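Note sheet for the following structure.
Per-chain numbering from 1; labels A, B, C and D assigned in written order.
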Amino acid sequence: MNNPDLRVSIGEIHMKNPVMTASGTYGYGEAYSDLYDVNFLGAMVVKGITPEPRKGNPPPRIAETPAGILNAIGLQNPGVEKFILDEVPRLMKLQVPVIVNMSANTIEGYQRLARRLDEVEGLSGLEVNISCPNVKQGGQAFGTDPKTAHEVVSKVRKETKRPIIAKLTPNVTNIASIAVSVEDAGADAVSLINTLLGMAIDIKSKRPLLGNVVGGLSGPAVKPVAVRMVWETAQVVNIPVIGMGGITSWQDAVEFMIAGASAVAIGTGNFTNPVAAVDIIDGICAYMKENNMEKTTDLVGKVSIETIE
Amino acid sequence: MNNPDLRVSIGEIHMKNPVMTASGTYGYGEAYSDLYDVNFLGAMVVKGITPEPRKGNPPPRIAETPAGILNAIGLQNPGVEKFILDEVPRLMKLQVPVIVNMSANTIEGYQRLARRLDEVEGLSGLEVNISCPNVKQGGQAFGTDPKTAHEVVSKVRKETKRPIIAKLTPNVTNIASIAVSVEDAGADAVSLINTLLGMAIDIKSKRPLLGNVVGGLSGPAVKPVAVRMVWETAQVVNIPVIGMGGITSWQDAVEFMIAGASAVAIGTGNFTNPVAAVDIIDGICAYMKENNMEKTTDLVGKVSIETIE
Amino acid sequence: MIFQESGLIAANESVGDRFYRMALFAPRTASKVKPGQFIHLKCSDTADPLLRRPFSVYDWDEKKKMITILYAVVGRGTEMMSKMKSGEKVNLMAPLGTSFSIDVNFNEALVIGGGCGIGPLLGLVKQLVKKGIETTTLLGMKTGQTSILIDDFLLAGATVKVATNDGSIGIKGHVTEFLENTEKKEKPDFVYACGPNPMLVSVQKWARKQHIPGEISIEEKMGCGTGACLSCACRIQSQDNEDGWDYKRVCVEGPVFSLEEVIFDE
Amino acid sequence: MIFQESGLIAANESVGDRFYRMALFAPRTASKVKPGQFIHLKCSDTADPLLRRPFSVYDWDEKKKMITILYAVVGRGTEMMSKMKSGEKVNLMAPLGTSFSIDVNFNEALVIGGGCGIGPLLGLVKQLVKKGIETTTLLGMKTGQTSILIDDFLLAGATVKVATNDGSIGIKGHVTEFLENTEKKEKPDFVYACGPNPMLVSVQKWARKQHIPGEISIEEKMGCGTGACLSCACRIQSQDNEDGWDYKRVCVEGPVFSLEEVIFDE
């Protein structure tokens, strides 16, 4: 049998395989370039960009938890202008779709970012991170309410012709309803999950282990929650779902795809195995071959559920 | 220095120490009685009881995940009448407060259970599990909406004079708002967290690893989420918070107490170390002694948060 | 009376294919365990993998204070176990679950084991032979690589017949093929079995047809191992219930059930 | 050029107190590493503990293709490492971060290490001595139990002064007490330091007062180790920024920073 066809399209983002990197765990693509040719990736999602530069949170910014990590980076980034100046020229030269993850404290901020990034050549898509606190409406994340999520995405939609991926937060009662809402607002895809809000305390000092008190949980610990949310979401939306949360092996990636993810992203997994993405691409390919699957659609969403009794 | 005073009261439930067992992980108190004297416990919470007998879900009912487990027992239990007949006589003889965890598909079901259990001697309190699906309103759990949560608890309040603990689900956008709501409805305490909804798929058979497709995630993996929720909740309610989720060691228990838990419950931890509860009681005692704490209030909620910058 | 014990590994050797035999110095367990009971073993010190793993006691020696388990490497826990060295300690809970009935008065027993299901059978066979019961053991294995297990049963004094998937030892095929060819005169008085579900289904059908009573040990995913969590439910016939069955716990009401009462999903 | 390498453990011995020295056959790292650089080591095969652990390279030998790390057992990861045996393999990423400047022309160097902070210093001292620089090493340790480390530095050709908390070897007290007593004429041309933050703060203050340039290696909790995650932020003076400082990455812009530019939270 021939090698299976691993190609996947997320809107107009054409990927040679379904494996992407998760925002915030891959810098601007330079950190892993010594270890392998990043052009092997399906797509690269770079660290969250904001309208203005952000210093980020005071350290410690990371804490280890059972099979997971808490992080509170605080969206440290040079701001959109410096990003365009310093990073984009290098990113443009890559043979891999580059997706910019963007965050803002206000809806206008998102609009401004989308407008500015739309002018920049060489970027393939925008991932709209609606997990950031909505400063105007009192600190709840934009992505926790279907209405505000809709508003952010539809406003961004007006500013860009690029594919929009809405990145959803898992800290909600009903993630599928948020997904439906952003689909309606014009998102070309949804990606999930962002991190689960968590906390850890040092019992000696009685102080939180993170400078920011609370942080986001990621890594293998969250995988069952992420798989469930991908499954729930994939059943109700007609746009592709990009699955992530605790993927460290090709088996994990295949599990997400069976649950309904058209593509997957590797986050924390990069830290433990710096060539995880490449290993996972190879593993998916071998799995598909072994199971006589010709294209990824033979795999995506194929969970077999019999209702017993 | 003398031994610290470990006593804690949850409403009229007077416990000799802050360590309880979590519902569903301790049967009706008989499973661990060979291993230690269960009267050592602060309190014992027994498996969820429903108005009618329930067979529970088809196997497999448990799946291991990174640092956690998924379970979908499906509230297998003999129903309230058989519970009173077969289990209560033995439970009554214990020198430890026994708390009955109760679940129903309808508000009337909760009322009926509360009324019936109120008549039974020898029970110390009711834990109202509002994490079960609300069949009448379409399957979302009662505990995911502050209004329905309020309604369940206030209706139960009318049926019993016993202390009521409202057991909250973590699968919500804002757990603190649910806690405030059930406090207002007359709950004497809140306990959190119940399990996080999750899923796992066998990539060979493409079938879910649980007979019930989805299940509840518990164990160390969820600890950071649970600690965060306890911390958020303890700041906004005036009733005691009972913390649980991934406690396997006394260090974990102390972490929850520093975050704001007046008492803690051990669930999945019993499976890996069957004498976990006893070890944890000892550990908390030693920690308090070493840190010159005389009573548990010297520990509860004492997280030290400095706002840097 | 359930207890925890720290077992000292005396030997942990490959016995062919994916199988290992681990001998543990575990005095309390060795003096209390009954055939068919199991231990719940902690195979890691970290939270991943989290749960204990259940294993039937393959053999034990009260005088030497030793127990042996026979296990197959099928996943992460058993993989970790296979790397343990003699001299290391492992925490276990014991003795758990129901045991095979051996206070019996009959003449001929048939003991059938397939794959990992051979795990609870050696101790049983030894007890039966000691009681003077004529014991035929049918062993189903993937290959002849695990032939050392055959010796275990021969040394115990049983008549042994073997079926292997690849035909490298004994007949080629499933162990249940022996049953189909069993003549009337060879009919045993009682049958004990453990193995994969399809094997147990065949044994159950055959025994029903032949009106032979028996007991089987079955497996289900476990949490606590002590009856607390209701994870290990299996369908068992029950008069208490209108529809004739109930979920019972493999760890308390099992793993040994009477052959007739187990309801398999087919 | 960062790479992954599978290091073969050649030795892993306790050197007293909580300290261990692990020697690894790691040809690529041994040929590329510079003093002050670190490796990111995977100390478990399971998801718990999850992250790699960073360790400075204590010493290396390009010809023998060996590197050595000096580590203290302070938590679960280092506990696991202390149980590893020679012959086992560990995955590492290397060579990471900035290195101490050794292409220098001065006569006298002062190298100060406290506790785990001794970790990156032996290789540095060897290089300095090789260049003919007169090198005084101040070592701060909890007890004299780790005196074998003193030998490492003496053999490297340095003058060594020791302070221990319990006074069992050298002076009793903190290593920084040597600085307070340093006479004008003993003033070194350059100072290198690694150790707990309070020690580095003292060194920084002293060096500022004495107008001595230098470099220090600092620690911060790490995720990736390669600059991707921004976990390891520390405050560094910066002209680019209005308020005069910026968060820099210990794993890329560090761990070795110039002594003046690091801003400690006091």
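In the analysis below, a residue touches a chain if its C-beta (ideal position, glycine included) is under 8 Å from a C-beta of that chain, and two chains touch if they have at least 3 such contacts.
What you see is a predicted model; the values in this text were computed from it and never measured.
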item	value
Count of contact steps on the shortest path from chain A to chain B	1
Where chain A and chain D overlap in contact partners, by chain label	B, C
Chain C and chain D, separation of their C-alpha mean positions in angstrom	55
Inter-chain centre distance, chain B versus chain D - centres from mean C-alpha coordinates, in Å	47
Distance between the centres, which are taken as Cα means, of chain C and chain B, whole angstrom	36
Residues of chain A engaged with two or more neighbouring chains	58, 66-68, 219-221, 308
Chain D residues counted as touching two or more neighbouring chains	47-49, 265
Chain contact topology (line, ring, star, complete or other)	complete
Chain B residues within the chain D interface of the complex	66-67, 220, 308
Chain A - residues contacting chain D, complex	24-27, 30-32, 34-35, 47, 55-56, 58-64, 66-69, 71, 73, 76, 219-221, 248, 268, 270-272, 274-275
Residue ranges of chain C touching chain B (in the complex, touch as defined)	1-4, 42, 47-52, 93, 220-234, 246-247, 265
Chain A-touching residues of chain C, taken from the complex the two chains share	47-48, 265
Interfacial residue positions of chain A with respect to chain B in the complex	58, 65-68, 70, 140, 144, 171-174, 196-201, 203, 205-208, 211, 213-214, 217, 219-225, 227-228, 231, 246, 251, 254-255, 258-259, 287, 302-306, 308-309
